[in-house]
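Some structures to go through are shown next.
There are two complexes below, and they share subunit A, which is joined by subunit B in the first and by subunit C in the second.
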Partner chain A sequence: MDLQTRIENNAIVVSISGRLDAVTAPEYEKSIRELIESGHIHIVVDFEQLDYISSAGLRGLLLMAKLLNAKGGRACLANVKGNVQSVFDMCGFNAVFKMGNSVAEALTMLI
Partner chain B sequence: MIKIEHLSKNYGDLVVLKDITIEIKTGEVVTIIGPSGTGKSTLLRCLNLLEYPSGGSIYINGVDILDKKVDVAKIRQKMNMVFQSFNLFSHLSVLENLTIGPIKLKGMSKQAAQTKALELLRLVGLAEKTDSFPDELSGGQQQRVAIARCLAMEPEIILFDEPTSALDPTMIREVLSVIHRLAREGMTMAIVTHEMDFARDVSNRVLYMDEGIIYEEGPPEQIFEHPKEEKTRAFIQRIRSYTCRISSPDYDLYAMNAEIEVFCEKQILPKKTRNNLLLLVEELLQIYTPYLPTIVLDLTIAYAEKSERLKIVCESSGEAANPLDSDNLSDDDLGLTIIKNLTERIDYQWLNGKNRLQFLLKTNQP
Partner chain C sequence: MQGKNSIVIRLVLVITLSSIVIFAVTLGYNYYQSRVILQNELESNARNLAMSLVNRVEIQLTGVTKVTKGLAHYVETDKQTEQKLLSWIRTTVENNPEIYGAFVAFEPYAFSAKSRLYAPYYYREKGKIVFEGLENSYIDYPYPYWDWYQIPRELGKLEWSEPYFDEGAGNILMSTCSLPFYKEVNGKKQLQGVVGADVSLDALTEYISSVKILRTGYAALLTRNGTILAHPLKDAIMNDSFFSIAEERQEPFLRELGKKMVRGETGFVHYKSLVGFTSWMYYTPIPSTGWALAVLFPEAELLEDVRKLSMTMAAMGFVGILLLTLAVIYIAKAIIKPLQLLAAATDEIASGNFDVALPMVRSNDEVGGLTHDFQAMQASLKEYIKNLTETTAAKERIQSELKVATNIQASLLPRIFPPFPDHPEFDIYASMVPAKEVGGDFYDFFFIDEKNLCFLIADVSDKGVPAALYMMVAKTLLKTEGQRLGEPDKMLSSVNRILATDNESCMFTTVFCAILDITTGDVRFANAGHNPPLIIDSLGVRYLTPKPGLMLGAMSETVFLTERFALEQEGTLFLYTDGVTEAKNPEDMLYGEERLLKALQIAPQEDLAKMIHYISSEVSYHANGAPQSDDITMLAIKISKKRSA
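Let's look at the complex of A and B:
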């Protein structure tokens, strides 16, 4: 997994590529925790380059939502598709997160 | 007609047949199937005394053919054999190949032997090839001549040792249809074959051989539709499997994934199926992780080529407990939800002192 961040429209866009699984989820959780603790409480997670997600990755996303709730922040997901979309469908995650078809759309949903 | 009791055959330390006991009755067509190198051909060759058994008895119509006083040539006349590689006399014409045995061994007149040979060549559809030599015939034609030659000796039983395995697919049918015809006419036959559809159609009884024993036997419906034994099932359904043993929570998920990917590539599984399989395996391992400091998990992925289905079997040591029971699950049930979505069937059993969880992967995921 590779994780890149950039600031856009007063939010932080986190682009993940590769796999979000039992091996990489702890690393994702650590990075997200650090971002939130440093004051970034409006987050768009871009899944454009994410090929694979398992329940461990989903737990990482839930942790992010929980940490943001506690700080009054929010997160939107962008470009959820393919295998990742299938796993989201299985676990009902479409109802848990707001999702945009692009980063730009997800950014508008944060407001 | 033939009774084999406790037959064994070994070459030095190599045990090829162990304690084979079977009976073949007059008019029966028995096919012998199983993986290569499991003793099928050796069993036939022992019956015909081309190989001398290391132990046990073979009775033909009540006569012990392993008795030193028995006339082996006479036995072979009663029980003739058709080989994989035809074994025709290349310097003799088709007609001569058929007449030499009856003339030399049975004392038949040349005229009578030729009349009989023509009749048999008509039976196998080669009456117009009487003057041809074996190398002028196709493989399928040569094998049909070999069958006719075998019939010329008026055997009571014919042993077929993989009669079509040296033939092109186009020629297999012509040979099998001749054997079919003999079966309809009531000829007693024992046939070693890899042609499963043929074995199913022609046999009264099927013997599945593995590791030098008759592992399972029964009517074709049983062996091909409802095999009782696991190895028979694996053979019939052409199951390929991959097993890995996990005995520590620090297992290398990516190394395992790489091996599973190689396995999937070998079976030419679609990418979607591979992804679902990898996801299922990861979710299963996550559920087993809390137990891994104290148990050993054997995870097997079995692909049935015939039905194109993937089965995942988790066998674990430890106390009898289903790791998927909600009481045994840690955290949430996200992993279990994914597992249930990816599979169409989950079975738990406490079997032979092990917890056995079996999953059938769904074929078409949305």
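Let's look at the complex of A and C:
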């Protein structure tokens, strides 16, 4: 997994690529925790480059949502597709996260 | 031990050999230089000695020459009578003790017309002065034919004869100094005869022979012919010449040397003397007679002092080097000793005894530093081993506890098949293969009432001990809530609420939960984010498409829906977790839902255990040795043809 962040429209865009599974999820959780603790509470997670997500990855996303709720922040997902899309459909993630078809669309959903 | 020896030996060898080389070179140079200096001094000393000897000889010879010249002068200037001449000769002999005898020998008829030859001669015999008429002495061979007469007569100048033994005069070694004398006739010089004086050479040769140079060095005298005149070899005197000896000993060098000496040259040579020792020789001529004088310095005696000094120095050097070697051995041993002790101690440490006492650090040198470092190393090794032992023990404890946990977990899942032997209406079979020691997957089935069988399959996020703990809570809750509420949606909502409360670690579990009416085949089900199960019936194999629902524990206010479908006779419902569809092969390719569907189409359908084992082997065939990353759990339920009611 590779994780990159950039700031766009007062929000932070987190691009993840590769696999988000039991091996890489702790790293993702740590990065997100640091971002939120340093005051970034508006987050767009870009799934454009993500190949695979496991239940551990889903847990990381839930943790992010929980942490943001506590701080009054919000997260949107962008470019959810393919394999990841079907996992999200199956486990009802659509009810938890707002999803945009692009990073720009996701950014507008944050407001 | 070998290391110790080699260090000591190397030190001793290097230092001692270097010292020996330095000392030997110094000593050798000193010896050589002393020799050169000595030789230079020797040459001037030899020259001085030779010159003083030459002077001594010359003084004596000059006296004789003067007497001879005086006699000639007298004969030339005075018109003498025989009486007066005889008395003059006698007086001359009397007044000059160095002279043995003197004569005046006239040319034929030069003294008087009456007698042809006339040669009066006075000489000493037993303290008296005796007269002899030489004209009568040699009857067969008259005096004008003798060398002592002929040579000066022909050359017209003063001449010394070759030394000879005068047998008539008492066997003394003599030489004659002769000089021709003349008369003025009409302004022309006319030869009248030869005057001469005999001189005994005994004193001279004795003096030369008595010269001692150092202990065995000597002086020698050679005549113009190379005949030995004075020499320590008494037998050679007047018997041998330098050349005859050279010939006899077959030494061309000696002959060449003899030639140079006879020619009247001066020189300084290094050679083996006639007596037989190596020596330095200075030779120079005696000008008046043309003889050669030589002085010999024996080399061994010359160099004796230098040699003695060198020997003393060598002895001192030897003792010094011996002391140095002892000092080196002492120092080397002193250095080695603590190293040796340290090596012995480290051997002990190497064999595992970390409590061995290292030698005390007594010095601040490198060995002290090394010992100090070893002490530090020993302490940290000890600490490390202690920690390692503790962690290993702890790890072993955890391992054994995990094993116990695995056993507990396995015993929690229903494992006895068929579980309800008195219910032939349905078959049920399940299996769970954990990825780590304790898994996060589980399945369960239990009767809610007499005809409603609840069965479920679940997958807790994460694996290992936390997942197992969470799984136990979830499983217990699902069973109790299931038996209490009796409807899938209510069960899930209730359990979700409990799990989502205070779920700090954000763990969750996906659940597919269904209730089968065993009398009708009606299935009510609700899905909490779990993989869709498959239906195998007369229509074939297909995926059920439940409405999406969020996993249990994620959000407390999640709403679940109960759906329904009728399972026909001989129809099978196949439940699985993502450990099946997400099993990877070494190329990271997932097993996938497609493959699962196809596998079930050809799997044995009669016996559920065989069906599940077939899928299980298909999955491991696909994995092809790649490590199992997730628990693999499957559950199948089938409505039997024969129903009891």
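The definition used in the following text is that the second predicted complex is superposed on the first by the 111 of 111 C-alpha atoms of A that agree within 3 Å, B and C clash if a C-alpha of one lies under 4 Å from a C-alpha of the other, contacts with A are read in each partner's own complex, and residues count from 1 in each chain.
Assume contacts are C-beta pairs under 8 Å (C-beta built on N, C-alpha and C of every residue); 3 or more make two chains touch, one makes a residue touch a chain.
All figures in this text were calculated on a predicted structure; none of them were measured in a lab.
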Fit-or-clash call for subunit B and subunit C when the two complexes are aligned on subunit A: clash
Contacts of A:66 with subunit B and subunit C, given as first, second, both or neither: second
Partner chain(s) touched by A:110 [first = subunit B, second = subunit C, both, neither]: neither
Touched partner set for A:96, first subunit B, second subunit C, both or neither: second
Location of subunit B clashes with subunit C - one stretch out of 26-34, 152-160, 224-232 or 278-286: 278-286
Overlap of subunit C and subunit B interfaces on subunit A (superposed complexes): 21-22, 54-56, 58-59, 89-91
Interface residues, subunit B side, partner subunit A - complex: 253-254, 275, 278-279, 282-283, 285-286, 331-332, 334-335, 337-338, 341-342, 365-366
Residues on subunit A engaged by subunit C in the complex (per definition of touch): 21-22, 54-56, 58-59, 62-63, 66, 89-96
Residue numbers on subunit C that touch subunit A, as the complex places them: 459-463, 506-508, 510, 528-532, 548-551, 554-555, 558, 578, 582, 629-630
Interfacial residue positions of subunit A with respect to subunit B in the complex: 21-23, 52, 54-56, 58-59, 83, 86-87, 89-91
